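Both of the next two complexes hold subunit A, though its partner changes from subunit B to subunit C.
== the complex of A and B ==
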């Protein structure tokens, strides 16, 4: 299998008045062609920042301090804006949250997708329009809706249109950033089904960012668990659910209800995530970890492959 | 609501506002503590002569009849004659308003275009030296006292350097000598340039700062990230996505300025002796030329109402979210 995306020791910081906040720290992982990776973690753990690093769509105060982002074998970290411009949407595209103003309110939705196609592919407006019609049918929207404005769509329709837009240039890799978060559960379910279907149909390679591990379990074959800027565990979905190793992963699992099995009291993860301006020395999770020992306070555990395709950063398990 | 219904309801509103404003103008001229005819009357006149003059202006009628006649004459386009020179008020307003439009509307449009273009560019380069320079410059000119800059320009460019005439709209010697059309136009433009530049220098800053602020707000919107993620060219992100949305609130400012331009720019017109409507109103007020002031107020009311109406329609057209 070909590697689409390989991230090596990535570190990204935001410069603030109080100092550098390292939002992504020492992150390494690989995504193969056709795989779907879920990135799960609490709010503010750096999921979206990591996604934005891959598109290099960072705010002015953000800087990639260290590491490599190999997309299709090429490191994109040193690339210029103009070089990135060609990779964006054609190479990596993004499914934004529909609740955000991701669509420009003054243009027709269809035209906004046509615009993306015409930026990258040298085809006529008519051909682009036909392509968008097909995309609309693919995501379950009526092509007639192309001529409507974003505010004339419902939340679910807008999300479908945003998915269609992400597919417009046949990208090699798609990042979905909380695409169902603001939708009600029924629509959420429809959109998740849609994404799973498309993934099978188009053999999409994608990264799905969510704070909801159950959504990720439905959509992804691999899961990366992120905590305070680090990926602490990364493996196949089934492995992670059967045999979670990192204390944070375990804690996260027991804070979600399960439909099957006996009723259990939900256990919230005690404490709060650390202040990333001044992260704790050693393991970033140790202040909340019930297994913490002396070594955890001093040394940050390395992120290693402890069994085939199961990566982990924890002193205790090693 | 459909577009037609929206327009209809706006028209009805405008008609109501029009009658209210016209009634206020009517009352205003009747509560002023001086008789409109006072300047025609002399103490040596007999009571009959005084009464005859009052009758001539219809001031002996009861107030309700006067009110009725006021609107009747208005709808016949009859504003009476100026107390000075006896010319028809309608003709004076028409002529002076054209002069004002020639100068001030040109100036408004120019400062609008310059302000928007610069504002858009500096918002895009936020934090740069260029941005700081233009913000400072814009504020400096915007807060400057109009006659001061006008007189300064007159002194430098007209008095010292003799590049432009000292004032007025035409050189009478040139026009008496039966010139060709091109010579006439050249003469007009020669007179136009200095007041035009003064106005633009003073006013572009306002639009620039407005556009810059609006643009900075728009640049924080999520669809700008989408546009960047789509790999669009910088220029397209700036012009098609950011500026297009940032322009919406500026349209209103433009409509208001356009209506101001038709009412004239009193200060500029006075400094440059431009025979525009703004200066006409000031002079007529000082001379207590009641028919002229009243007529001018009425016309200005109509112009402002129409300009705002057009702005509303334009706004609805530019922003698809506005439902009619």
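== the complex of A and C ==
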């Protein structure tokens, strides 16, 4: 299988008046063609920042300090805005979180997608329109709705339109950033179902960002668990659920209630996530970790492959 | 002993009358809702957004005036209380709001926030404030008393909100999605705190949530709401394991399960079409229902007891 995205020791910080906030720190992983990777973690742990790094849609105060982002074998970190524009949407595209804000309220939805296609592909408006019609059918919307404005769509339909837009230029890689967070349970379920089906049908490579480990469990074949800017564990979904190794992964799993099986007591993680302005020395999880030892305070554990395709950053298990 | 007994509670919101139009349009936010909560029990109110959960919660604490119906708390009907009597009664019922970032006054220090209900009732007492903070786990209280809410984390803020609700020794607490704004690892902590407090003070709680897994974890009984009506209610475990109403079934089937091996069967239903403005006589769920019959179009089904302590409003039963 070909590697489509490879990230090596990526480090990204936001410059603030109080100093640098290290939002993504020493992150390395690979995604193969056709895979779907879930990125799970709490808010503020750097999930979205990592996604934005790959798109290079970073705000002005963000700096990529170190590391490489190899997309299709090419490092995109040194690329200029002009060069990035060619990669975005055709190479990497994104399904944004708030579907309401991602669409322009004063343009018809269909026209917005046509515009996106025409910016990247040199085709006539008629051809673009036909393409959008096909996309609408693909994501389960009636092509007649193309002439409607965003406020005439329901939440679920808007999210479908956003998915259609992300697929518009046949991207090689899609980042879905919490695509269902603002939706009701039933609509969320329909959208997840749609994404999973599309992923299979188009053999898409996808990175799915969510705070909800149960959504990831159903959509992705690999999971990366992120905590305070670090990816602490990365492996196949089934392996992670059968045999979670990092204390944070274990804690995360036992703090989720489920409607299946017997009622279990939730075990919360003590404490709060660290302030990334001055993250703790050593392992960033050690102040909340019940297995912490002396070494955890001093050294940040390396992110290593401890079994085949099972990556982990923890002193205790190594 | 019944602590809370709600009978035929209804709340209509008038829509603005059009010029020259005679008929008035109403949103049936809460329509003929009845339920009871035993002393020391937690009842969960679940449903999609816009189904009337929060309106019901606000009616119970009399932040809104009911259009009709009775609310008995400890055998006293509070639906028609006015002025001084209402103010006196307010110390018995308290509310915990959804978003601790908005429900705390940013210009108040923690002491002021927690003292406010006591001052309003003329019961100011420093010891009570200390106790309340200690009870919700903000220890030592001295350290928190003089902080502003921006100096607290999300979990701590929600604890302050809980302390404010409990400082006045209420007999009935309405919690409106108290954890939906919190992070996963902190959410479990706050849920466990609420359960512990319930045990300690023998509190009666109405727990409003959209998350069925959380409702199962927290509640003794669950009521499912759809467009202003309660469609099903009963023992929590019974509702989760043996749902009767087609809407409850669909809702449960849409909850993702944090286990990649669990294959759940999706029940497909359409997106919501009707809203609660002047709803017709028929079953509110009619358009989306997979089992609709002729009678569903003509008559709204009554809430009947299908098995012991399990009520359902559907023509399929009885």
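Here, the second predicted complex is superposed on the first by the 312 of 318 C-alpha atoms of A that agree within 3 Å, B and C clash if a C-alpha of one lies under 4 Å from a C-alpha of the other, contacts with A are read in each partner's own complex, and residues count from 1 in each chain.
Methods note: a residue touches a chain if its C-beta (ideal position, glycine included) is under 8 Å from a C-beta of that chain, and two chains touch if they have at least 3 such contacts.
Please read all numbers here as calculations on a predicted model, not as lab measurements.
Return fit or clash for subunit B versus subunit C, each positioned on subunit A through the superposition.
By the criteria stated at the top, subunit C and subunit B fit after superposition, with no clash.
For the overlaid structures, how many degrees, to the nearest 10, lie between subunit B and subunit C at the C-alpha centre of subunit A?
Seen from the centre of subunit A, the opening angle is 80 degrees.
Where does A:90 make contact in the superposed view: on subunit B (first), on subunit C (second), on both, or on neither?
first
Could you look at A:42 and tell me whether it touches subunit B, subunit C, both or neither (first, second, both, neither)?
Second partner only.
Tell me which partner A:116 touches in the superposition: subunit B (first), subunit C (second), both or neither.
In the superposition, A:116 contacts subunit B only.
Between subunit B and subunit C, point out the one touching more subunit A residues.
Answer, by number of touched residues of subunit A: C.
For the superposed model, what is the least distance in angstrom between any CA atom of subunit B and any CA atom of subunit C?
Superposed on chain A, the two chains' closest C-alpha atoms are separated by 10 Å.
Which subunit A residues are contacted by subunit C in one complex and by subunit B in the other?
none
In their complex, what parts of subunit A are in touch with subunit C?
Spelled out, the residues of subunit A in touch with subunit C are 42-43, 154, 156-157, 184-190, 192-193, 211-215, 217-218, 237-238, 241, 251-253, 255-260, 263, 265-270, 272-273.
What does subunit C use to touch subunit A in their complex?
Those residues of subunit C that touch subunit A are 48-49, 153, 155, 183-189, 191-192, 210-214, 216-217, 237, 240, 250-262, 266, 268-269, 271-272.
Considering only the defined contacts, which subunit A positions touch subunit B in the complex?
Listed in rising order, the residues of subunit A that touch subunit B are 55, 57, 81, 84-90, 93-94, 96, 100-106, 115-116, 119-120, 149, 151, 165.
Which bits of subunit B are touching subunit A when the two form their complex?
221-223, 225-234, 236, 241, 244-245, 248, 318-321
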